[in-house]
Amino acid sequence: MLEIAGLTHTYRGARGAHTAVQSIDLSVAAGELVCIVGPSGCGKSTLLRSIAGLIRPTAGRVLIQGVQVDRTPDNLAVVFQDYSRSLFPWMTVAENVSLPLRRRSVKRAARRRVALAALEQVGLAGVGGKYPWELSGGMQQRTAIARAIAYRPALMLMDEPFGSVDAQTREDLEDLVLAVRRAHGMTILLITHDIDESVYVGDRVVVLSKSPGTVVADLPVELPGPREQIATREHPEFVRLRAEAGRLVRGRSAPPEPAGQGRRISAGPQTP
Amino acid sequence: ACSSGGGDTSARPTSGSGLEKTEITVGTMPVVDVAPLQLAVRDGLFGQEGLQVKLQPLAGGAEAIPKLKSGALDVSFGNYVSFFSASAKNVLDLKVVADGFQSAPKTHVIMVPKDSPIASPADLAGKTIAVNTRRNVGTMLVRVAADAHGVKLDEDDNFVEFPFPEMEAVLKGKKVDAALVVEPFGTLLSQSIGAKMIWDTAQGPTADFPIAGYATTGGFAKENPKTLAAFQRAMVKAQAAAADRAKVVEIIPKYTSIQSGVAGSLAIGGFPTSLNATRLQRVADSMREYGLLAEDLNVSDLLFSASR
Amino acid sequence: MACRTDGRPAVRGRVAGAVTWTAGRLWLAVLLVWLWERVTTQVGEAYFPPPSEIVATGRELWFSGPADRFFLTEEAVEDFGPSLLNLFAGWLLTGLAGVALGVALGLSRTFARYVEPIVHFGRAIPPPTLISVFLSVFALGTSMQVATIVFGVIWPVVLNTMDGVRTVDGLHLDSAEVFGVRGLRRLRMIVLPAAAPKIIAGLRISIGLALILMVLSEMFGSKHGIGAHLVDSQRDFEPAAMWAGIVFVGVLGYLLNAAFTLVERRGPHRHHLARAAT
Amino acid sequence: MNTGGIIRGTIGALLPAATAEVLTRTGVLGLAPFSEVVVRFFTLAADGGFLLNAADTVAAWAAGLALATVAAVLTGVLLGSVPFLNTAAGVVVEFLRPIPSVALIPLAILLFGAETQMKIALICYAAAWPILLNTIYALRDVDPLAKEALRSFGFGRLAVLWRVSLPSAAPFVATGVRVSAAIGLVVVIGAELYGGGERGIGVVLIQARSGGGSDEVMLAVALWAGVFGLAVNTLLQRLSRTAFRWHAVRTGDLR
Amino acid sequence: MLEIAGLTHTYRGARGAHTAVQSIDLSVAAGELVCIVGPSGCGKSTLLRSIAGLIRPTAGRVLIQGVQVDRTPDNLAVVFQDYSRSLFPWMTVAENVSLPLRRRSVKRAARRRVALAALEQVGLAGVGGKYPWELSGGMQQRTAIARAIAYRPALMLMDEPFGSVDAQTREDLEDLVLAVRRAHGMTILLITHDIDESVYVGDRVVVLSKSPGTVVADLPVELPGPREQIATREHPEFVRLRAEAGRLVRGRSAPPEPAGQGRRISAGPQTP
């Protein structure tokens, strides 16, 4: 389904070049839900943007269903972290959801039908006529997910989709993604910096190193049965996996911070 | 060769046939000077020549030149100083079509506030004098008067520009020492703030001084000689009619905001009926003398004559 | 950019950078001037002299003076001196009065409800219709010109300041309150800096307007100044001199704007200001 | 503005009005008494000739503003989407912007002849700048994430411009139009006053000034300009608050 | 130290009244670190703003050290959730930190000394001269904490202080709060919507009900020894507590969402 080989991206700016991701190899089978975790600034978003064809990789290539990506492929949808910025405030919720279908030359009435169905699926029946800013954060993010679902992509990319919603809503949305995956058999690549989340939703957890990001581990998640917020998180395997992933993410050494300050200067020594 | 074709008016057909253009736009201003033009329009003198004249008000006269050039106006009222210097600077290919207005006693006067120590142009040395347009006929009239009293005034240092309606405020507020005003402002100033007239410019070298006329461009004159001749004929009749003071007094309140009561007591200048090169040359010579022209200007080249 | 392995290429790189920077900014202006030159020379209309003639006239008028006066002619000193003085005096007064009124309007909704309509009202009054008012309020000369400038320019400063003060982040105000920053100190240390981007944007708009009104105010009742120069050259039918005046105003505007940009980029609030365009 | 707003605004205007009345009545200001100006303000409203002239001025204003909006938005879109052109245009814009349109009257007469075109051209010149600058700034500030969101569904550059950039820039463009509306009013009356013409408020003023004692009319017209400007501002503000409610909600500008 | 009795706050807006918190009783002993959790919109921030004297309670009262709060007391500091908005971008980091000391009429030099010491304590030695926006998110939040520390309040209120930083930084900041508490013996009230976090840092976890918020539980946290990110979270007591708190927060029933949509309409039925 998705094949990434030797992907490297270097940003060239006024202040010199910065390699964000380096020689990433990764393959995702159809129907899989792969989570990518890594320290802040390690290049997760850069990786996603390269897959989506929004930026051109410096080296390496990305194949989706065997076709090399050079411009945005049309069997792909992206859910961005910042729902308040990726939804268009001048359109109603239903218009937002149906907008991508214009590319498929779907008729107006059909567009509307598909949009309302997608909204219903994410639990937003009846709000199609409202504007995004009239909804709570969680509902906005669901709208963004509905937009992606309505488009029926073969591959859905999600960049920290629950980073800015509260914990409660976040758990609901995690379950929603699992349900959507089951319902449509989509392939999903989900980026997060929450290790718990990655273990909870993922079939596999791919850990990236600090900048420039490379793959340091690819952990299969073998948790029994359908996931359930409370029971699953109490499962010993879950606790083990999250500890392992946690050690992998932070273990190598402290992730970089702009001013080069050590991260635990004060808290560290005082912890006996 | 210099007189207009007005003499043989009656010999020409009075119908519109034969005119290159029967509808012309004429620039005008809400001032006493254009009373004959207004009479001509009202009394249908243009119509008798087969002409339809549309009047277009000008703000200050400065924009007459570009309006003539762009064709927005076919003929425009304007003062000779402006016309001649535009012509001398080659900005406009000028043809004067008809004479309009000349000064007469009390039409152009120098006024000072009621309690001013200035009593004659001799006291104007180093003073600030308001005129409506600098480097124009106003400053020239004042400088001629001052010269006669042995006082030299500088075009840039002694004059400031204010619109006539503001002169009351600036005189009253002592923001200027004196002002050169035309009618009705001279009459109004003495009525409202008791301003004193210290000099009437209509004497000596500037007596009966040609002030303004009607002009067009050389291009228009070449293409529309018959139309302009018709205009001249109508204007001659109008200017002659304006010799009757009652007619002028009667029409002034119709196109200006001068009240009828005031109009009756105004000093009214002369409305010459012929276009006389010798008379107009006086203006050009004074301009040369007072530095408003860099070179001599031969006015007779600038006059439109239908026979040419 | 060029490689910077040793000192010399670095210098060359910087020079090349400066050249690219300048060229990137100027090519269009140069192209337009060149086109203008071609067209005007071809047409030969007296009112549209070619740029070369305009520049020559301007130089002769203003910049052909003695070296010890920076080549300024007497005319230039007479024209520019009072003009610039009026400009800055008017602009400064506007800044003070506009910011003060704007702050008051921004801080008190009640006050604003009563006064804001007058502000929008005043903004639409054409200054030329108020000549007589200005004339009777102020003595001839400088102060009247300054008054015209202030009247025409104060509105954007008031409106922007009001807007800036009104939209100070509630959390900034709460933080100040929690840490006991109140009263005048709050105004000085929190409200004004927070509103600074909009206030500065208002001042920036206003300096452009001030330039326009400076010229306008000198068009009557003034012996010297750029406005008087423009009127005189129009009346004297010297289009090249008139154009030189127009060009001078344009260049002055450009320089003032550039100075503003510099203040914005270099000042302590640069980040904060960069975000607040207009 | 609702009724309450009008009442409060009127109360707010009372103090300056009273001051003006006292100053003019006592002769501190050498002007027509303020109350006479107000009377003239109302008699003008009943004067058919004045209204015809005013209609002419307003028509020129509206046409100039509309033209400026179209021209400035188009130019803004062009400059906003072609960065190198934008950089180069900066010099030209900042050079042209401060040139007073009154100084351009003779040139405008020459180029546009007929007085209405001349007025429209001058209004357009003066009114285009705020709209142009706002358009450029707004397009520059369009959220890149919003653009990417659309691009990620495979839409091209034009679709992004049309569906994302323009809608999100629209509120700022509207603010520019509001600023320009007032500028346009100032310019149109200035152009008539200094450029003459056949009809228009400026022509009424020129005529009124021919007989002296014209402050009254001049000031009454100034009042009219202010009232008209206030009305237009209120109307445009309301329109844009309704049309761009999403934006007003964001900036808390809902009163 | 802090006594809250019958605290109720009702917002009165154009669209009618809304009671955010109702009859809250709570007391916090000196030196305690109490965490407050509750669903989104249940009135946590309202509670905090009432304690800080930023809003006036509709009913009930708040006593700090026996004195009734009516305007902001001067022995109290607040760390707001949104660091990027609560720091002043026109002041350097050091100026931000030393600003509150002006109120205490501390001399310039002394202010500077205290500010730098506080910055050092949060691991920001050497960045005093920078502007907040030159720092990463985590560093900005540390600056806000340093500002509160420098003020040496008897009571520190923190409103979701780590809500917008990445998981890695978040853990560091949690440890920093623990260290600060130990170092200065402050009383701390920390609001969060992250149940894990509340159990990890708190001596007690107070659970609020959905809107209008009331106290539904007050769980003492009895975890051994100094806390440590990985070990503590693997501790059985931790796992038990977080599950219990989790059930309490969500257990009562789904928290409200504006449009009255059930929260799990789609995900629910599909979970077998």
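For reference, chains read A, B, C, D and E in written order, and residue numbers begin at 1 within each chain.
Just so we're on the same page, a contact is a pair of C-beta atoms (placed from the backbone, for glycine too) under 8 Å apart; a residue touches a chain by one contact, two chains touch by 3 or more.
Quantities reported herein were computed from a predicted structural model and do not represent experimental measurements.
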Subject >> Graph separation of chain A and chain B (steps between touching chains) >> reply: 2
**OP:** By the contact definition above, name the pair with the higher C-beta contact count: B-D or C-D.
**Re:** C-D
Original post:
Greatest Cα-centroid separation from chain E: which chain?
Top reply: B
Original post:
Could you state the distance in Å from the CA-based centre of chain C to that of chain D?
Top reply: 19
**OP:** For chain A and chain C, let me know how many angstrom lie between their CA-based centres, rounded off.
**Re:** 49
Subject >> Rounded Å distance between chain B and chain C, as computed from the means of their C-alpha atoms >> reply: 40
Original post:
So which stretches of chain D touch two or more other chains?
Top reply: 30, 106-107, 110, 193-194, 215
Original post:
What positions in chain C touch 2 or more of the other chains?
Top reply: 47, 131-132, 136, 234
Subject >> Chains that touch, pairwise >> reply: A-D, A-E, B-C, B-D, C-D, C-E
Original post:
Considering the complex alone, what residue numbers of chain C touch chain E?
Top reply: 169, 171-172, 174-175, 177-181, 185, 189-190, 193-194, 196, 268-269, 271-272
Original post:
In the complex formed with chain B, which residues of chain D make contact?
Top reply: 30, 105-107, 109-115, 118, 192-198, 202-203, 206-215
**OP:** Note which residues of chain C are touching chain D in the complex, please.
**Re:** 24-29, 32, 45, 47-48, 113-118, 120-133, 136-137, 152, 155-156, 167, 205, 208, 211-213, 215-216, 219, 230, 234, 242, 245-246, 249-254, 256-258, 277-278
**OP:** Within their complex, state which residues of chain E touch chain A.
**Re:** 39-41, 120-127, 130, 134-136, 138-139, 164, 166-169, 172, 175-176, 178-179, 182-183, 193-196, 226, 228-230, 233-234, 239, 243, 246-247, 249-250, 255, 257-259, 261-267, 270-272
**OP:** Show which residues of chain A lie in contact with chain D when the two form their complex.
**Re:** 49, 52, 54, 71-74, 76-78, 80, 82, 85-90, 99-100, 103, 131, 133, 151
